[in-house]
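You will see two complexes here that share chain A, one where it goes with chain B and one where it goes with chain C.
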Partner chain A sequence: MNASSLRRIGQMLLIPILAVFTALVVGALVMWIFGDDPLAAYRGLINGAFGSARAWSTTIRKMTPLILTGLSVAVAFKAGLFNIGASGQFIIGTVCSVAVGINFPGLPAFIHLPLALLAGIAGGVLWGFIPGALKVFTGAHEVIVTIMLNYVASLFAGWTVYAGGTQGQTPGPLWDTAAGPISRTPEVFESARIPWIFGDPYRIHWGVALALLVALLMWWIIFKTTLGFATRTVGANNKAARYAGINVKWITILTMMIAGGLAGLAGAIETLGLNHRFAPEFTGGVGFDGITVALLGQTNPLGVVLSAFLLGALDAGGARMQFDSGVAADIIQVIQALVLAFVAAPMIIRQLYRLRKPSDQVEATVFSSGWGR
Partner chain B sequence: MKEKRFAIVVSLLLVFTLLLSACTATVPAAPAPQTGGGEAAPAPAANIKIGLVTDVGRVNDRSFNQSAWEGVKQAGTALGLTEGDGFKYIETQDSKDYADNIQQFVDAGFNVIVTVGFALGEATTKAAKENPDTYFIGIDQFQGEALPNLTGLVFHEDQSGFLAGALAAQLSKTGTIAAVLGTDLVPPVVAFGTGYELGAKYINPDITVLTTYHPGEISQAFVDPEWGAATAKQALDQKADVIFGAGGSTGNGALQEVAAAPGAGTDVFCIGVDTDQWETLPAAHPCLVSSAMKLITPSVIDLINNYAASGTMTSGNYFGGAGLAPFHDFEDKIPQEVKDKLDEIAAGLADGSLTTGYQP
Partner chain C sequence: MGKQRYRITSYIIGGILLVFLVMALLVNTTSLGENTWLRVFFGVSALNFTLRASVPLILGAMSGILCERTGIINIGIEGMMLAGAFAAFVAKTSTNHWPLMSSLLFGVAVALAVGGVMGWLHAVFSIRYRMDQIISGTVLIILAAGISAYLFDRNAVAEGKFGAIALPGLSQIPVVGEVLFTNPPLTYTTLILVVVIHIALFYTKWGLRSRACGEHPRAADTVGINVNRFRYMNTIIGGMLAGLAGGFLVLEAVGQFQEGMTAGRGFISLAAMIFGNWMPFGAMGAALLFGYTQALQNELLLAGVTTVPRQFVSMIPYVVTIVAVSGFVGRVRPPAAEGKVYETEGGSE
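And then the complex of A and B:
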């Protein structure tokens, strides 16, 4: 590795690191204004995220879906698409994997589990295909369509597990008949569950390894294959890409399908590894957090892993922080929001720390392309 | 550039709303000394430490969480404990964190843990099985099978709904009353609603009761004041003149709509739910004749005191009090015979000579 590539890595890391640092400082300021003790809060946060084996396990557990939803948003950014739909794709992935997981008793695990995972991916792929195709064929902007599809996904998911109520409504097809008035699915069969690496009380499953592998795979696809090159070219300048003979329509649809599949896989892993069932209160919040993860990771798959780890740690430490210092855990959301603001608007950070503009802006991160192309 | 700007605007909007919601809601809790996980200084009363885990939402939500926390606070203070050391709470951010939050208290050596709400039932049962020496109180968690160290604090919502219905039927001049309710997915809400209908029919078998449940999921059903207001408006249009709003801020929306309607307090009335909403929802004063209450605070205090005094953990279900709140400003406007009738019904329900007829 030569000096210039080292410098480039340094430059890539600079803004995210400063953004996180600034967010923590502003977060401390907010706590101080509200009369709380920021030092005690951050001590609790670190304890809760890394202070014990159980804390580490919580961090890793929270990180796993964030890696995949972060990748989902990041991959779309590479093609100049803003996938706000990771949340809906996550939910659809969850529902599809559960539908397979609670059916087919007696299948051996080596068929049942992959089948359930694939069902989750397929659901996500479909939920990504719709906005991709609508964009290409009708010009409908993917931001609007994905936001709308989030509602469709969560209401559809709610319907599948609806308990029926007292007015004689028909219960949903996935509802657990043994749950009485509670809307939820039964637990998936043992053969469809992702095995534990460490069982109770740590509850870490092999899904985390799968997520890391997928991140490596996405890095390879984006930076080492023709497809990845085509995607990045479309993202950087789609007119030039078309001129260069790249099938922009196909790349747009394909990227949205991959993005959807990643978020769908996140839902499948979270369900088959951890929750073992779906209930309407399991929302696709990690889908929205994926936006922060992707931006903080500079839309680089390896950066996404790092930022998912950081956000996972923030989530994991929140309860302990609240417990030790009495600071409301909402401050975590404030910090995450500030991180998002600072990475999305790097000018603030540049002004704040008097940084010069990077000399070579060849690979400037492309976030999203415009309306009605 | 245009493209980038769009992304930034979207992100900033997101950030701004997050910031707003977080800032306005931050609870100025006193910073507590670090407990460090081990046994702290010997507490005066038999080393009792009380922890409370809220359902998703705030500890000062003027409803469930707050009533339970009031109970913990009063019981703890009476036992000579201090907040932060002897009793404290964790606000749950995400329904997946229930178990983790309960575990925080277990790890820190808290021996009484109160969990608030139907949704925490499963996590509470699991924690109770794993920690047989810790006493758990699960509010609104009906216990199918009794555990020795877990009390399900439940209420006869149908009875307090029945009283509300009886009151409504006696106040109604149009012969139509209404109930705007949170989701029928939560059994206590159905008990309130059905009790209300039965109570109204007990007074006047020909009365029309317009009962509407929120059509959405649990996550939306209690936080949708717009729907509550719109549904109340519809009921008023259909000549309903007493409206029972039961379902968190969804029900509050209904109450506020009635309070703003013409004739509020003279021709149209409203009835609140869970706590005495005269205290918690001043905006409803113009129409609020009473509330169908579940007495969470005194029940929590009773259970904790029981444990503190004798070390007994109440097993199975414990039925807390339920009944109507005071009439407040409507005290003089409600005819004496209505009050007498309500007293008669309450007495009948209490001694078992009268049943609501509600089948769970």
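And then the complex of A and C:
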């Protein structure tokens, strides 16, 4: 690796690092203004994320779904699409994988587990296909459609595990009959579970390796294949792509399907590896976090892994922070919003730290050119 | 989008309203009201619920219209609403010992102010720092959710909320009086605001200039309009309207604050704005339609209809929104310059 490429990587990392640092400083200011002790909070945060083997394992566990939802949003960004729907796709992926996981007893694991994972991916693909196809064929903006589908997904998921009501409402098809009035599914069969790398108390499963592999695969697809090139061209200049003979409609739909599939896989992995069941309180919050992960990672799959690690650490440390210092863990969400703001507007960071704009650096993608086609 | 089509659309909407009026009168004053299904669809309680559910959507849509007519996409309405709701709640709970009305009005003022600050933040991000407008909106949504959860005192209780004021005379009209003229103050305010915004946008110099900034900023600049100043101003006013919608939720509809209580209303407002072709009355009509679907879901539950699972009934507004934006986006026309940063010739930063 020569000096100039090192400098390039340094430049790519500079803004995200400064963005995170600034967000932490502003977050500390907010805590201080409202009478909390930021130093104690951050000490708790670091302890909770990296203080022990248990803490590290929590960070890795939280990182796993974020890698995939981050990739989901990032891939859509590459084609100039904004996928706010990763949470809905995540939930549908969860429900589909559970539906396979709690059925088919006696299947060998080498069939049952891949089948359950594929079901999760398929659910997500479908949930991504809808906004993609609607955008292409009717001009409906993917932002509105994916947001609405998030609500539809969580209501649908809620229905599948619904325990029934006092007025004689029928319970949902995936409801655990042994759970009494509790709305949840039974646990998936042993043969559909992702095996542990480290069992209790660490609870790290092979899903994390799978997520990392998928990140590598996406990097390869985006930067080394014709499909990836077409996708990036569509994102950079829709018209030029059409003149170059790229089927923009197909790329748009396909990208949304891939994005949906990635988020669906996140849901499947989270369920088959960790929760082993679905209950309505397992929401798709990680889908929304995927936006921050994708932008912090500069929409590069390898950057996404790094930023998923960072956000996973923030998530992991939050609980310990609240326990140790009494600062409400919700401050983490504020810090995440600030991170997102600073990476999306590098101008703020550049002005703050008096940085010059490097000539070869691409500005953040602009894709909000109205609601129309 | 010729005049002809516009007139036909108005006739259709007028016809639907007339049918509703007649049905509502019949169902609520004659023996037709004994039919459960007719009561679900046309009962006074369904119509009242429709209006109550529509108010935040109407305000949100007005917020969207003001921003987008000058060229700023505002997807952060959801966050502005939530911030307004939380601000109103904090203001109300910290002035519980005041006389009820002044405490409530103080809540409204604070909701407007905080909404305005959120609007200003959106303008700074997207104009000054050229952040993508959709991402800036997303930042506001996450920020509002985070801050309100972080500061929410779960033991605090807001005491009292706005009550209905029956307009003398008008409220005596059967059915119509009950639905339209027996409402709490913010509902009246909202309906008046729609008229005011329509007149301001289409019959004043300010409105003409605002629209010019959204359609052709370069031309507006050439005739001496300060494009970015208009964008700042309208985004701040838009933020205040969204903040008022949040204030309505806390001070008039629910009476308390819950985390994430806006529950997608900001996004549905956006759909109403698109559905209504960026016109105040059109957006109000769309908002009423969305409100009506929510009312139906409520009435079906109350009527004990359990054949359709509750969750599917709750999906209706969201599915209607998807159908609406897919069916109408191709046929409506957003402001031409929306979502694009405007830089003066040769100047920057």
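Convention: the second predicted complex is superposed on the first by the 363 of 373 C-alpha atoms of A that agree within 3 Å, B and C clash if a C-alpha of one lies under 4 Å from a C-alpha of the other, contacts with A are read in each partner's own complex, and residues count from 1 in each chain.
The criterion applied here is as follows: contacts are C-beta pairs under 8 Å (C-beta built on N, C-alpha and C of every residue); 3 or more make two chains touch, one makes a residue touch a chain.
All values derive from a computational prediction rather than experimental measurement.
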Notebook entry, point to check: Looking at the overlay, what does A:Ala40 touch: chain B (first), chain C (second), both, or neither?
Noted result: first
Next item on the list: Using the touch definition from the top, say if A:Ala319 reaches chain B (first), chain C (second), both or neither.
Entry: first
Next item on the list: For A:Gly139, select first, second, both or neither according to whether it touches chain B, chain C, the two together, or no partner.
Entry: second
Notebook entry, point to check: Taking the superposition as given, does A:Leu227 touch the first partner, chain B, the second, chain C, both, or neither?
Noted result: neither
Check: Taking the superposition as given, does A:Phe156 touch the first partner, chain B, the second, chain C, both, or neither?
Finding: second
Margin query: Is A:Leu340 touching anything from chain B or chain C once the two structures are fitted on A? First, second, both or neither.
Written below: both
Notebook entry, point to check: Just chain B (first), just chain C (second), both, or neither: which does A:Gly285 touch?
Noted result: first
Margin query: Let me test your reading of the model: by the given contact rule, A:Leu302 touches which partner, first (chain B), second (chain C), both or neither?
Written below: neither
Check: Between chain B and chain C, which residues of chain A are contacted by each of them?
Finding: 30, 34, 82, 84, 143, 155, 158, 165, 167, 288, 291, 295, 328, 330-334, 336-338, 340-341, 344-345, 366-371
Next item on the list: Enumerate the contact residues on chain B facing chain A in the complex.
Entry: 2-4, 6-8, 10-12, 14-15, 18-19, 21-23, 25-32, 34-35, 56, 84, 88, 90-91, 93-97, 100-101, 103-105, 108, 119, 183-187, 190, 194, 213, 216-219
Notebook entry, point to check: Which residues of chain C touch chain A in the complex?
Noted result: 73, 75, 125, 129-136, 138-139, 142-143, 145-147, 149-151, 264, 267, 270-271, 274, 304, 306, 309-312, 314-315, 318-319, 321-322, 325-327, 329-330, 333-336, 338-340
Margin query: Per the contact definition, I'd like the list of chain A residues that touch chain C in the complex.
Written below: 30, 34, 82, 84, 134, 138-141, 143-145, 147-149, 151-152, 155-156, 158-159, 162, 165, 167-170, 172, 288, 291-292, 295, 328, 330-338, 340-341, 344-345, 347-348, 364-373
Check: In their shared complex, at which residues does chain A touch chain B?
Finding: 30, 34-37, 40, 43, 54, 58, 80, 82, 84, 143, 154-155, 158, 163, 165-167, 181-183, 201, 275, 280-283, 285, 288, 291, 295, 318-320, 322-334, 336-338, 340-341, 344-345, 366-371
